[in-house]
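Letters A, B and C mark the chains as written, and numbering starts fresh at 1 in each.
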Amino acid sequence: MSNPIVSIQGLSYQYALTEVPALRDVSLDIAEGEYVAVMGPCGAGKTTLCLSLNGIVPHMMAGGVEGKVIIAGQDTAQTTVRELARTVGMVFDNPEFQLSQVTAREEIALGLENTGVPRDEMIRRIDEVLGLVGLRGFADRSPLAMSGGQQQRLAIAAALAMYPRVLVLDEPTSNLDPIGKEEVFSVCAQLNRERGMTIVIVEHEVEVMATYASRVVVLSEGRVALNGAPRDVLRQVQALEAVGARAPQVTELAYRLEQRGRPVAEYPVTLEQALAVFPAEGVR
Amino acid sequence: MTTPPIVCDALGHEYAGGVLALKPTTLTIQPGEVLGVVGQNGSGKTTLVKHFNGLLRPTSGRLLINGEDARPRPVHDLARHVGYVFQNPNHQLFATTVEAELRFGPTNLGLTPETVAERVQQATSFFGIEKLLTSHPYRLAFPLRKLVAMASVYAMGPDVFVLDEPTTGQDHAGSNMVRKLIERLREQGKTVVIVSHDMALIAEVADRVLALWAAEVIASGSPRAIFAEDRVMQRTKLYPPQITQFARRWAPASTRPLPLTVAEAAAAVLGEER
Amino acid sequence: MAQHLPIPVVFVPRNSFFHRLHPVPKLIWAVGAIVMAFATRNPLVLLVLFVLGILFIAGAGVMRAYGRVMLVLFPISLSLIVFQALAPAFPQPWTPIAGFGPFTIYQEGIYSGLSLLLRTFAGSNFAVLLVLTTHPADLFTALQKFGVPHELNFMVSASLQLIPIVQREFQIVLSAQRSRGMRATGFGAAIPSMVPVFAGTIERVQQLAMSLESRAFGSKGAKTSLREVRASAKDVIFGLIGIVVTVAVTVLVLQYQAQLDWSKTPFMPDWVSVALVAVAALTFIAFTIALWWRASRE
């Protein structure tokens, strides 16, 4: 890959006071504009991988590190989290835990104030990012009075206001209801499609990721187990199962049919592909 | 005929300030039934199930537990019959060992030390957590912490379990474990009420689904019937599991039972009669 | 969803003269009132200052919020009168007014208790006014100009946000433990309910710290501020009045210190003093019992 925006080179990391490493010799390049879904069971190292992308690992955590992470040419070991904040935006799993201000406007302003963005520019950016996440008109709302989906979109807006080139989301929908999940997924897809934003997202909803992601990375016990286009990775039903992940239901269907002796020309990973692979009963 | 463990008789709830959280709901939960409660946040599903062990009291109508009016009975007394497992195990766990955590509930019920020990033993073997007994609950990985939280409620020996979002935050293995546990609770004749956004889980384990929207139960029926009703799905903005969506579009006019699982869909594609 | 802040002393949005005022003149008054209150013990001077504060608070339309604070603070503060009347913080000899069995009420005690009580409220009224009518961010933006660090602004607003969240979290934990048959609400409930809340708060603070760091919190270099606080002529005038009043009153009360010392002057009839102590004692006891009863209920 020529000039990737994220380049992880042989990264190993072990938190202090733990017995096993969280990451073991992980190497991964991500090009600008990719939408990368990171999957794997609990304890596979997904969160640690996310935290290493803006230097929280190793700067804010006690532990031992080997290897390198280069973000847009900056070595994270040599750069502070605060400086990396202009390149990498972070969104965490619990929307409420990230928000601290009295109004949405001030929540978004926080990062801009910290980096000395002039007031006029700040006001312009607040309007812009509220629009991007579909929260126009919410500027004066208290984050506490918002739904989970709105809170999480506000957290995304607060990260976007810094104009990052990479947006990292660690299980952003795990605490949301279906409406909230859908809101967050569509905002991420839109940012990726329309603004070319590089997205790295940890997500368990494999059916959704199969349609949005351009790449799927499956971690297992701190290593990259599978890595590639959704169609190539998610069709490996057995390999996924072996590392404690799973394939989309339509893919599993194809696998089962094959097991039961019915040949399947091509494994589908999305609903639309499945409908193409298995023509509707009436048509058959 | 056995007495239904939970009966809601026009049960409604209005919060102070006049916000209607649940319109009057009439509902009978049968012994041994696995009931799925689905709906968006704020639709009233948590409000409904929080009545089952007295955490909320109806502001109109009545709640009967084992045929008796629950009104005069405090939460710690209703806890004998209805075990409530909270979504986040961190809200429940506080002790320094898993064993102490398991003892907490039965001890609160005023059982003798022998009975408490017996209950702890039963919960330990049911959940297969013999090796964890001396561990610190906060040191366990999330799926195991959730398991301990469920076991700590099981140790109280309730007939009814309310599980709030049992698969949230779980990985694939954790979700499968929850499915197995629900099946085993069913085998023991326990009644299980599951509040969840996980439609695949509901499709696989529930006997009946209640769909709520805007403080009201708008549909009640088998998962097969509820997931087949476009009107209900659109109104509640819920999506059936992917395999069910596939099956509906694959064979729109089929009169065969709607597949809810991959196995059922495979059988349908192979043209097997069920 | 309505969020009810459990702590009563927080910004109450209104559009009064005091709300529109720049934070600094309000701060001048708040500091001035404390200086004046500590310059004298004379009950009459303190009463005038106290009443002025109440008038300002009423003028700002935040009387209800103020009342809620006082509902808690006032009965507790009444104990000052009772204890002082019985054992004055004053050099002996004391002048006895009345006695009930082992208790004797002293003139110096009444004087001391009354001035302590009035001093507390006369001094704090203006500070309460400042907090009730000033958006915390405005206050700290103004203070930043005087060299108060930017992080303080954040710390205060973030803690204010944390309080209702922790309170709600506590309710959830309490529900979870009651669902496990926990009966006790007093001491026995402390560990099962506090440990999860405490652990949850630590987790929350850790994640907040990561989220803030990811937004360049604590960066060196120039900071900017979204909120703009501008001073107009009325702000300057109000601030100047505050300075003049503070200086004038302080100078005067110090000059006439001897005449204003009423510790040996029976400025109230004895029966009023006795009635005051009795009412204060009864109110304080009743309030304590009410609090205890509320806590012992579910």
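One rule holds in what follows: a contact is a pair of C-beta atoms (placed from the backbone, for glycine too) under 8 Å apart; a residue touches a chain by one contact, two chains touch by 3 or more.
Computed from a prediction, not measured in an experiment: that's the story for all the values here.
Shown here, the protein chains touch in all possible pairs.
Inter-chain contacts peak for the pair A-C, counting C-beta pairs in contact. Taking the CA centroid of subunit B as reference, the farthest chain centroid is that of C. Taking each chain's centre as the average of its CA atoms, subunit A and subunit B sit 30 Å apart. We define each chain's centre as the mean of its Cα atoms; on that basis subunit A and subunit C are separated by 46 Å. Under the contact definition stated at the top, the residues of subunit C that touch 2 or more other chains are 2, 203.
Of all residues in subunit C, those touching subunit B in their complex are 2, 169, 172-173, 175-183, 191-196, 199-200, 203. Interface of subunit B with subunit C (complex): residues 17, 50, 53, 55, 74-76, 79-80, 83-84, 86, 90-94, 104-106, 108-109, 138, 152-153, 156. Interface of subunit A with subunit B (complex): residues 40-43, 147-148, 171, 174-175, 177-181, 204, 207, 244-246, 248-250, 252-253, 256-257, 260, 262, 271, 274-275, 278, 280-282. In the complex of the two chains, the subunit A residues touching subunit C come out as 51, 54, 56, 60, 81-83, 85-86, 88-90, 92, 94, 96-102, 105-106, 109-119, 122-123, 126, 142-145, 155, 158-159, 162. Subunit B contributes residues 40-42, 141-143, 168-174, 197, 200, 237-239, 241-243, 245-246, 249-254, 262-263, 265-266, 269-270 to its touches with subunit A in the complex.
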